[in-house]
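Some notes on the structure that comes next.
The letters A, B, C, D, E and F name the chains in turn, as written, and every chain counts its residues from 1.
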């Protein structure tokens, strides 16, 4: 018995603004996991050049988190969703801020990455509820 | 009971070349799904400008498929994997060709997108076997 | 007497997420003006290749509008602003949608570009009020 | 009475090479302001990671300055302009050099950023003269 | 006896703005060759989607030509070169215009691509003279 | 007698995935030369900010090496080539790894850059043999 790479119930999905109709919070989460891993590797090293690379890559990956979340907020969620989930705007604004200068870009604190991941999970839960509806 | 956005057994993962150690074939698959959806929308429209956008976005998404696969091939898989799975090189070469000019870039045939998705699934199966090991 | 390239009262400003603290809705507006100009040139031509280029460049410029607006929404505006201007979230969500598939990306209707410009102006007005405060 | 976000006399404008005909030296200036702000933040901090981010973002923003200036030089200015303003070529070459390795990329000296801003203003003055003509 | 991939006398070289000191007009020429090949393929096809892709890729490749030339103009050539070769500014301005909207971006005329290639060769000749000096 | 900028026997060539049919290992080699030059400049400096820039640019240029090699591997080489040159897959996999985290991205050792250059030369030799065929 093997570990399923792609869960049967969820169409793994994305975000092109044709729109193709394929969206998935996994894209943001994957990059956020990478951000956290960069922080861990940063703390596990004393090589200055390596740390400098970790900071730079963390910056880039944080930017991707912001991008993927913005796409969901603008392209996937419609007026009816915002009515049903009035917390959505704040959730997205806080999540993208957590991936920015005041969040994972400006910090190497693992707790900040965990807060970002938790926010993305809150968004994902709502996302998948709307997909079921 | 809700649909789990992120399966419990698989660490959803990515690809930064720090390396952060986070890889996931889902990234390639998400883009390939988008490529297929662009083809479907292309065939469902008679608006010439829309079709032109569909072709352009399909091109861009196909490029992302290639990129994500190349990253797995070079950054994730090691010499020991290639020894255990001698088909890996050909699999990756064929999969990336299927996302190129002779594949989903140059075609709007849904069958080509399905072949690409099937190749990615073959790669994913090997990938997750190596993660278990 | 010459036309001032840069108005004396406004610090022309931008958006890096260091953050450098330099923001300006002009960046979004410049790209939206370009989107509208692409539509005008599209309608003024019967050369198919030129129209195809106009559609592609309009797509790219619309994307830049979305990006510049997202940056303002996440990076510039703080909790206190959202409290004082409760319409901000909806304004940004509608503006970025107007630059997307259901807006200037999917349309060559000049009225859509004008709606986008009007939304950006509404945002800019609030922005400059907060800068005065 | 509010501060006008967009000055009435100048069509805020940009640079797509359709061409849409929308150009504006403000784009280069906004990025140059950001470069200068990055330098200021660099000097105001002792956090090594923050300084490393400031240097990296300054590099990126300097690159955007160069790009926006190059676009003006090639896409906006025509043979007649170069005849009327024989200093234009040197002005652009010096300005882009000032945003490069020998300028704001390789330095954190605020005076260098000010020299860059001054050159951009010289270019902008000529630009707006030609728009009046 | 095999064809030498890299000529012995010329250090094949590039353009990073550290600067690494590695420059080579070959980069611009390679992209210009690709632009010309896209035109040829465009004319050799009647498939509308393929032609649309050819136009889009030609646009992108023309942009790369402009970029590589701008880098040479700003980063490689110094004041002394411009004094010795007073035609340099005009040469670069004309070459980049030939890769723009009024050149290979806006045209599928092979003669335009040939003019662009000829200009790049003129620049390359001067470039290699200065390297010898 | 002047140094020829472009060798007469080799069509300097590139990589667009129309495909335009223009490929050339020189693109990868140029970036690898730049990587090596960044290392040399890194070692020749004691300015911390400069070294940080050298590391960042080396990262970016290494990425370009990987990209250009991947394009050759997928887009240029066909099944018949892999049959005739069974070492090709391993050669490309090793070369791209040498430009990655375990190679020139993660190291400032000139010997690593030389190994990368040597691998590219091996690939180039095969490439030009196939062009002659």
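Quick notes on this structure:
Here is the rule we go by: a residue touches a chain if its C-beta (ideal position, glycine included) is under 8 Å from a C-beta of that chain, and two chains touch if they have at least 3 such contacts.
Quick caveat, the model's predicted, so the values are computed rather than measured.
Each step here moves to a touching chain, and the least such steps from chain C to chain F number 2. Compared with chain A, the chain whose C-alpha mean position is the greatest distance off is E.
Copies chain A and chain D of the same sequence differ by a rotation of 120 degrees once their CA atoms are superposed, given in steps of 5.
Here B-F and E-F are compared, and the pair linked by more C-beta contacts is E-F.
Comparing the centres of all chains, each the average of its CA atoms, the largest separation from chain B belongs to D.
Interface note: chain A and chain B, two copies of one sequence, contact each other through mostly matching residue numbers (shared numbers exceed half of all numbers used). Our note on geometry: chain A versus chain E, Cα centroid distance of 40 Å, whole angstroms. Chain C and chain D have CA centres that are 20 Å apart.
Centroids of chain D and chain F (each the mean of its C-alpha atoms) stand 33 Å apart.
Residue numbers of chain D whose C-beta contacts span two or more other chains: 17-18, 52-53, 56, 105. Chain contacts here follow an irregular pattern that is not a line, a ring, a star or a complete set. Pairs of chains in mutual contact: A-B, A-C, A-D, A-F, B-C, B-E, B-F, C-D, C-E, D-E, D-F, E-F. By the touch criterion given at the top, residues 2-7, 9-18, 20-22, 24-27, 29-31, 33-34, 37-38, 41, 53-54, 57, 60-61, 121, 124-125, 127-129, 131-132 of chain D touch chain C in their complex.
Those residues of chain C lying in contact with chain A across their complex are 17-19, 63, 66, 70, 73-75, 77, 82, 89-90, 93, 96-97, 100-101, 105.
Listed in rising order, the residues of chain D touching chain A in the complex are 49-50, 52-53, 56. Contact residues of chain A toward chain D in the complex are 51-52, 55-56, 59, 105-106, 108.
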